[in-house]
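Next come two complexes built around chain A: one with chain B, the other with chain C.
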Partner chain A sequence: MSTQPLAAPGRRRLPLVPTAALLLGALYCLLPVAWVLVASTKSGSELFSTFTFLPGSGFTDNVADLTEYRDGVYWKWMANSAFYAGAGALLSTAVSAVSGYALAVYRFRGKETVFNVLLAGVLMPPVILAVPQYLLLAEVDMTDSYLSVLLPLILSPYGVYLARIYAAAAVPADVIEAGRMDGGGEWRIFRTIALPMMLPGLVTVFLFQFVAVWNNFLLPYIMLGDDEKFPVTLGLYTLLQQGSNTPALYTLVITGALLAIIPLIALFLAIQRFWSLDLLSGAVKS
Partner chain B sequence: MKYRTVAVSTAAALAATALLSGCGSDDGGDEPAASGPASLTYWAWAPGLDKVADIWNKGPGKEAGITVTVKKQASGDDLVTKIITAAKAHKAPDLVQAEYQALPTLVSNDVLADISEEAGDAKSQFADGIWQQTTLGSDALYALPQDSGPLMFYYRQDLFEQYGLTVPTTWDEFAGTARALKEKAPDKALTTFSSNDSGLFAGLAQQAGAKWWTTGGDKWKVAIDDPATRKVADFWGGLVKEGAIDNQPMYTPAWNKALNTGKQVAWVSAVWAPGTLTTAAPETKGKWAMAPLPQWTAGENVTGSWGGSSTAVTNDSKNKKAAATFAKWLNTDPTALAALVKEGGIYPAATAAQTGGSLSKAPDYFSNQPGFYTEAAKIAKGTAPAAWGPNVNVAYSAFKDNFAAAAKSRSDFGPALTAMQDATVADLKKQGFGVSE
Partner chain C sequence: MTRTPRRRAYGVKSAPYAFLVPATVLFLLFFALPIGYAVHLSFRRTEVKGLGLGKGAREEIWAGLSNYTDALSDSELLHGALRILGYGAIVVPVMLGLALLFALLLDTDGLRLRGFTRLAIFLPYAIPGVIAALMWGFLYLPDVSPFLYLLDAMGLPQPDLLDGGPLYLSLANIAVWGGTGFNMIVIYTSLRAIPAEIFEAARLDGCSQLQIALRIKIPMVAPSLILTFFFSIIATLQVFSEPTTLKPLTNSLSTTWSPLMNVYQDAFVNNDIHAAAAQAVIIAVATLALSFGFLKAANSRTKQGDSR
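And now, the complex of A and B:
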């Protein structure tokens, strides 16, 4: 992503068509973000009456209103989201690491079957599972709780899949064999030798899961009835849908949406170096 | 899904069960009495309902030992699905806020309890057309009316004066006014026909006497393509076709702008319009006025509804009696109604609460029309009954699809109405309901 000089000698002419296509793509992705950014600075009366990309004068008021709304329930939602996404991504990364490693390293009966089922799971959109999961959790009286949102997220087929692929590529069989020769237990080998090697892949799994949980809507929508436990996606939705006779609180929703993406951006910036490390090391290693 | 085939004949058959339950014990396994402390949960979306529940919890609820906790939800069709899913798992809350048109869906999914025994005596406090929507025309009672949205005619007083327009009292005059304005100011329009707002179209059809869903025997009868609705569709379609009114949807930034700048000078809307206008057209505050909805027959006082919701008790509730007691208090007690108006900004369905109290003063946006709510209450008295069925959502989305295309191409609305009827009937059959042709 940076502007470091590339290996190509001299200055090549920019290929016109691909560059234009990419610019168009970037514009397509960034324009809505720019809109949210500008719109969050507008007060209610400016929102639809002034020019779309003319910044307004109400950003601090909007944030204050949002904080005041129902005694600061917005920040409660943000905290919930952070908990669901943080704990969910951490647990799911741990499960993915263990199972991905096992699938990559050990030979056991039914291994391919397990992996094929997993692949099928990758293809299955989680949305389809939300209602069955709700009915299952209702059987054991666990709906409308923090766990009801957290539990279904822990097993991520995609995460396991990614971890297996990564473990297979990054943890050489010789290293594990050497560990066994030296008398290391399986758990110790995994923890001290394989895990550090898998770290860049696991960071990717963590990030993917974090973003997926942060943006998750349908699962918490079905599981939760108590608005004190809502994540921020669900909370903002209640501000939009206040009934046909009450206007939606657009300014608050826009400001809320903007504030809700800040943690994601911060997370990406903070973890990015692991990623570049990964790319570099991949290039340097034979 | 399989419940539906059994529970098909909602209104008619439910009338029968209600009769039975009236004589015998009951059908849902009620608790013996509201004795002992009860803790109730209430899924609702209206703003400020939690504050109204607090009044209950500190006052009458404390005496009766009934505590109500409001869990705020997002309104709409998705909530209906969520409630039905929860009910299938027997996890539905004790009380739910439900729009009138969602009640048949909830009843046919066996979600709502009959509370006629506990709250049936509240009938006299509501307009007949409203009450009938919570009984589904049977002897049972599935909810208590909370708020209503009688239709009215809003117009820019200053611009009407400027262009020498008269406030229409009949739909004929309405068409005349639209044409007169177009002649004097071609860049302006009286109003628009919005293919996004099925609820408004339904209300206009109710005014004309339409009854979209009725039951006969154990079958549903769908009459969306009936003469009354056709009259309404042809009227609006004609105005769109000749270009007398605009054809763009409402509730868009462009529409906000059209109201704010006076490009559109009138709006057929409901009693809650002041709230919408405050955000949509902030710069025209004090320039609007409200009048009764134009009539099909001069001198009548009939209107339809747009929006409005009720408080219902679920079959999953372990304290149905307590829940019904709260629902009745919430929607008939003067203190509760005053709080609902103040905190939730709703227009109460209870007739006694429609004037006086917080509604003795006109809304801020309409401070130029001091008698706003007195006038509104008179209009609300003539609210025509609405007849909803178990698949209003399907009819509504068929309306959006077909009327959007017709409005855009400024073609006849007749085929669109037929398509809406066909889609609704087809869906009912697919769901396993008996439909009489």
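And now, the complex of A and C:
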């Protein structure tokens, strides 16, 4: 359904300028991705000698080199990222769902206070959290572990905020009331009635968190020392750092960057059917 | 809203609290406790007794405000803050200006390729800041850069994109590239929520599309513009991964380029967690003051506009 009103006849012109301007914007946004796609096909000697957007001949070699690099540590990084982002987003969505539901559906003392305090978490600079989080986890000997990257990211103020909006819009009060009349407990009503109704919104929360964790750099950078546990962002960063001494690693960095962005782009395109971009800003059709 | 039925009244009353247990526990452990600990650390320092060897030679003592006065007189932190203000003065207006422009263009009648352009401009959101910085970093390198190649082909001088003034633009470009799409979606969503009748009326009055955009659409999406501004300021002041990633490619980026990098340096390289904690608290307070100051200014401006 389009919300656009029909243009009055006679005044309608083909909006070529807006289309062209947006295409320019799209070009700007696709440019680095196109570059990394081309650059990953170049062999080490071609990278700095041939024209930037001229494809090279070494893509399969690059992938093979990357796979061989330190016994396949790159793929370990990718698996770690998938684990951090997947498990983190799943847990985060679950916590957001119950919290958002409670804040949307019930009336209780201190409700707005709880909501506002949770939301204030959004405003905290990650570093004021990450440094003491590291020191506190060091006290219980938990730094440099999978959990040290996973746990601090589970509670997402933005996720709770979105889940509350979706629950308020998607779960009618009389449906919950009917569930109670049928003698369902509160947890059962949530699980069997409200949760399915909130699902489209929760997919959005999941995606948002997945991207947030996948893209996170500061927390693993602070928490982790053992590169077997690195996510791909941190792994590529260390590879780039070594590359300033060993330029041969640059082709590995570039190929690694390409392979690291493919899963997220694929995820976005695949889930698009279940999900509208507009939901991300909390817009709910009433 | 729910009414409490007679049966199971107890369950209904306690249910919201039970539902909020996970969030509360996580909040206490990973938000409240670390913040409290950071504040605590910022008021203390380690004192070394004797030669500083052996157990008990280092003792944590009350330091009063000395960490704060040290931090505020630390010229590196101050310079970092100035660098970030300069960087933010480029990023925030350009990014949000582009986001608003693209959102308004997407909202034009009869547009071609709407779905494609919207998705393409949004795409950078899915790309980690580290990888964005890495890709652009290579595009700035003299041997690889297509921009410098074009300038060279046209016989123009080639600036060093990773040094001096251009370095700010290069870093700002990475942030603009990464953030425009998301903000565009937020603004576009609120544009589409404007009731169609308003445009109908304006059109009957003979308004052009441009006039409708300037006089109706922009004022009506002001709340979401303010919100995107607010979050952009916070994100900008906390920039960390992009300059950290670009660092291996240039000598012009110091390890203390941004205030957050300074905190990291103090905490993990200089091992002075007390100084780092004080700086982190100062950055947090400055961020909140700046962003809420903006919010307040924006709100009073809107209210004035309403009463007119």
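We take it that the second predicted complex is superposed on the first by the 247 of 286 C-alpha atoms of A that agree within 3 Å, B and C clash if a C-alpha of one lies under 4 Å from a C-alpha of the other, contacts with A are read in each partner's own complex, and residues count from 1 in each chain.
The rule is short, and it goes like this: a contact is a pair of C-beta atoms (placed from the backbone, for glycine too) under 8 Å apart; a residue touches a chain by one contact, two chains touch by 3 or more.
Predicted model, so just to flag it, every value in this text is computed and none were measured.
On the shared subunit chain A, the superposed partners chain B and chain C overlap sterically. Touching more residues of chain A than its counterpart among chain B and chain C is C.
In the superposition on chain A, no contact is made by A:Y166 with either chain B or chain C. Contacts of A:F48 after superposition on the shared chain: both chain B and chain C are touched.
Contacts of A:Y237 after superposition: both chain B and chain C are touched. When the two complexes are overlaid on their common chain A, residue A:G185 makes contact with chain C while staying clear of chain B. By the touch criterion defined above, A:V211 reaches chain C but does not reach chain B.
When both complexes are overlaid on chain A, the residue A:I222 reaches chain B and chain C alike. After overlaying the two complexes on the shared chain, residue contacts for A:L22 are found with chain C alone; chain B is out of touch.
In the superposed model, A:L264 lies in contact with chain C only, and not with chain B. By the touch criterion defined above, A:P132 reaches chain C but does not reach chain B. Of all the stretches 27-35, 117-125, 351-359 or 369-377 given for chain B, the clashing one with respect to chain C is 27-35.
The residues of chain A shared by its contacts with chain B and with chain C are 48, 131, 134-135, 221-222, 234, 237, 240-241, 243-244, 250.
By the touch criterion given at the top, residues 44-45, 48-49, 70, 131, 134-135, 138-139, 143-144, 221-222, 225-227, 234, 237-238, 240-247, 250 of chain A touch chain B in their complex.
For chain A in complex with chain C, the residues that touch the partner chain are 3-5, 7-8, 11-12, 14-15, 18-19, 21-23, 25-26, 28-33, 35-36, 39, 47-48, 51-53, 94-95, 98-99, 101-103, 105-108, 111, 114, 117-118, 121, 123-129, 131-136, 151-152, 154-155, 160, 173, 176-177, 180-181, 183, 185-187, 190, 211, 214-218, 221-222, 233-234, 236-237, 240-241, 243-244, 250, 253-254, 257, 260-261, 264-265, 267-268, 277-278, 280-281, 283.
Touching chain A in their complex are the following residues of chain B: 41, 43, 45-47, 50, 71-76, 78-79, 82, 85-86, 88-91, 93, 99, 147, 149, 199, 253, 256-257, 260, 270, 272, 275-276, 278-280, 282-283, 306-309, 345-347. Chain C contributes residues 1-3, 5, 7-8, 11-13, 15-20, 22-24, 26-27, 29-31, 33-35, 37-38, 41, 98, 101-102, 105-113, 116-132, 134-136, 138-139, 143-146, 149, 177, 180-182, 185-186, 188-190, 192-193, 196-197, 199-200, 203, 209, 224, 234, 237-238, 240-241, 244-245, 248-249, 260, 263-264, 267-268, 273, 276-277, 280-281, 283-284, 287-288, 291 to its touches with chain A in the complex.
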